[in-house]
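Lettered A, B, C and D in written order, each chain numbered from 1.
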Amino acid sequence: MPLVAEAVRRMSPGRISPPLVLVNFKCYLEATGARAVQLARYAEQTSKKFGVVVAVAPQATDLRLVSQQTKVPVFAQHVDPIGPGSHTGHVLAESVLEAGASGILVNHSERRLEASSIEEVVSRGKNLGLTTVVCANTSGVAAAVSSLDPDMIAVEPPELIGTGVAVSEAKPEIITDTVSRIRRVNSAVTILCGAGITSGGDVREALRLGTQGVLVASGVVKAKDQAAAIADLAGACLQ
Amino acid sequence: MPLVAEAVRRMSPGRISPPLVLVNFKCYLEATGARAVQLARYAEQTSKKFGVVVAVAPQATDLRLVSQQTKVPVFAQHVDPIGPGSHTGHVLAESVLEAGASGILVNHSERRLEASSIEEVVSRGKNLGLTTVVCANTSGVAAAVSSLDPDMIAVEPPELIGTGVAVSEAKPEIITDTVSRIRRVNSAVTILCGAGITSGGDVREALRLGTQGVLVASGVVKAKDQAAAIADLAGACLQ
Amino acid sequence: MPLVAEAVRRMSPGRISPPLVLVNFKCYLEATGARAVQLARYAEQTSKKFGVVVAVAPQATDLRLVSQQTKVPVFAQHVDPIGPGSHTGHVLAESVLEAGASGILVNHSERRLEASSIEEVVSRGKNLGLTTVVCANTSGVAAAVSSLDPDMIAVEPPELIGTGVAVSEAKPEIITDTVSRIRRVNSAVTILCGAGITSGGDVREALRLGTQGVLVASGVVKAKDQAAAIADLAGACLQ
Amino acid sequence: MPLVAEAVRRMSPGRISPPLVLVNFKCYLEATGARAVQLARYAEQTSKKFGVVVAVAPQATDLRLVSQQTKVPVFAQHVDPIGPGSHTGHVLAESVLEAGASGILVNHSERRLEASSIEEVVSRGKNLGLTTVVCANTSGVAAAVSSLDPDMIAVEPPELIGTGVAVSEAKPEIITDTVSRIRRVNSAVTILCGAGITSGGDVREALRLGTQGVLVASGVVKAKDQAAAIADLAGACLQ
């Protein structure tokens, strides 16, 4: 399947090496359809300018469109723990791959999975060559999913999501504690800091606390100047 | 939004008038990506040949692709009871519309919704001009969802799904009883017969029992000759 | 099974005839264990005093205790759509009956069920002789569940639950519209008014608008004087 | 609260020390109501005879009855990730404790929880002094939940549940691999072997492979002679 090769190319080691900024488009209209493409183009331009990976996670309906019209790594926001078959209304890893995605984001606080489903989705994703990012709302859950060996873990305390208050500022000990608990179980997984990230300062603090990148949503999507917001975050990864 | 106009055009009264054949692609690889387009083309050709509406329900990831490359009415297989916003990993009616869908299928036996969610999705879909099809597994549920006033109800006894045994053959009284119970509540809704439909004979029987079309999946998608299978079903609508 | 006879006795026609007050204990500590029994005793005393049925819905863990120590009709707060068997962690209708319950409450806004599950639970409950009460958050859902033929429907707009603002006061048209939509489908079902009921005045208004009783929770459970709160509501049913 | 003291007494170190046999009553009628008490009495008698802990997990509706009429440790089959409050139809840890339970079983394959919910339930349970047992369907999930620090982990490959084929026989490497993966993360947690356990031989094999007890359901509940079945399992723990 040439699509696998394409996905591999998008996520080749050179490109996905941390630090990285992953932008979750959620179901925001400001990041739907043509506006999803526009936002991904900002990510692409910023990525080129700073040499930092800026990946995007559009809605399932926009995965192919964004993949075809930009060169940024594209992540699905959710995948179901199923294989091909009779699963009306579900999201299949194979279909996400064929639509051009190179990764999947699962277990976000807005779309949590059973523990056994996280394992199955990570396993299926890896078998297909997809980069797997598992969200965790606490240090305990982060340590737990470390045993499932995803490529990345994104720590998102739900009480800070969408608040504009960065977890790295409000509760730095959550990050350091989480990094520490993850490392006891898994030394290789990439750790992203999420929830409330809005500025380059938040990113610098997140990296200083031991993470390798950030997961951000409203801080970019809802920004008056989306391009400037991405540039601010990506630029901070270099310092 | 020009997309609304496009959707209206696709579903203009002349085109969607029953009888119709709605093909559910589920998560079958035989109906994913490029193969989803191919199958939708068969539907398009058959539709033109017989003057019968043949609509398709691809996966969310394929909605835009199929919409752009064919002229058949395209349905989403599932939509979540949400509006635009912070809903990572969900399917938004607005996004489905923007991807080119003209309708939505909800509450399939493989993706059931809470009663209150069915109402919300139907309401949101109608407000956007999307044709709404609600699946029901029994005559009681069919009567219940009739009160929620969707455009269509598809009756799918789960024990027959994927068996190749048509409900119209195995349990004709389910269909007549369901039609009767629906009509006591709602005289306008279009009724589709689902589960086990594989042949033109099944379609004729379903229409004879008082329905206005069929919902079919494996009978077409898994057929050795998909084009012939669609033609068989669509042709039977004329007799 | 003598337990069935006991349940029938508790809910004999003379006792359950409307108007009635149904008190939902939720997971409030003020209505757990020994305090559940105390609250049920208040219901029993009030019931005797006014000749009005006051029923209670304790947690599953307290069903037997309350049933054994009082004579009020006892309802489960939830039952799963299952029969006896391998269903670890679920609530079985047969077990609820054997614990002494004479009815079941399902589809509360805090514990919603899929449409098909509501039908199955109502059907199973009725086969066991349990009185079935289905909650509905809107007039549309109320009309829908009317087709499933439960014994009672409780209308609970979720935006008013726990607010202390009675739906009968805040949105009387919700009640009259709901009664009207239910009656078009089902002339026999008993209709309860829920959400925000705290005073006898609320009850009188609810009955005046066409309902046959009320479903109440925090208005009684969280009252400083639970006995007085129940008496206020039950007394109002007589006027 | 004297109930806490009672729970502590039931689970005092001397009593709960492994090996142990935990019997899951599921929703079997053979283990409901009066028959739940009878089965718990067999557990009690066997426990006394062999000096091996035999604990039981009845349905929520039977927790108090079994706790009051026997002296065996009683576990809830499921608890929801909630605190006291407006949670109609849910199972509250505090209520389970007040009903006499000394432990909780969660995340069974028939009642799986989201990863974040497992953490919350384990945390709430431990704060109340309840013994926490988390089920895991694979070695990966077992390793993951080890990070959440429950008191016990029960390994139950779903493909063997209810088959009468013991996991220790059919797939001994699942057990040894699971023990090994758990121990890398957590050296203290008690490990139970579940699924398909029906005979003393199965128990001996499970203990030999590194577990400290068994979780059993149909092997006891559906046995022609329940008392003999328990005795067979408990006796094998001694050898």
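As a working rule, a contact is a pair of C-beta atoms (placed from the backbone, for glycine too) under 8 Å apart; a residue touches a chain by one contact, two chains touch by 3 or more.
Quick caveat, the model's predicted, so the values are computed rather than measured.
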Shared chain contacts [chain A and chain B, defined touch]: none
So which pair out of A-B, A-D or B-C basically repeats C-D, with more than half the contacts the same? A-B
Top of the farthest list for chain C, CA-centroid basis, is A
Over half of the interface residue numbers used by both chain A and chain D, so same, or under half, so different? same
Chain B and chain D, separation of their C-alpha mean positions in angstrom: 45
In whole angstrom, how far does the Cα centroid of chain B sit from the Cα centroid of chain C? 37
Check each residue of chain C and list the ones that touch at least two other chains. 109
So how do the chains connect up here, line, ring, star, complete, or something else (other)? ring
On the basis of the stated criterion, which chains touch which? Give every pair. A-B, A-D, B-C, C-D
What residues of chain C sit close enough to touch chain D in their complex? 3, 24, 26-29, 32-33, 59-65, 77-78, 82, 84-92, 94-96, 98-99, 105-106, 108-111, 161-162, 217-218
Sort out for me which residues of chain D touch chain A in the complex. 107, 109, 112-119, 136-138, 140-141, 143-149, 181, 185
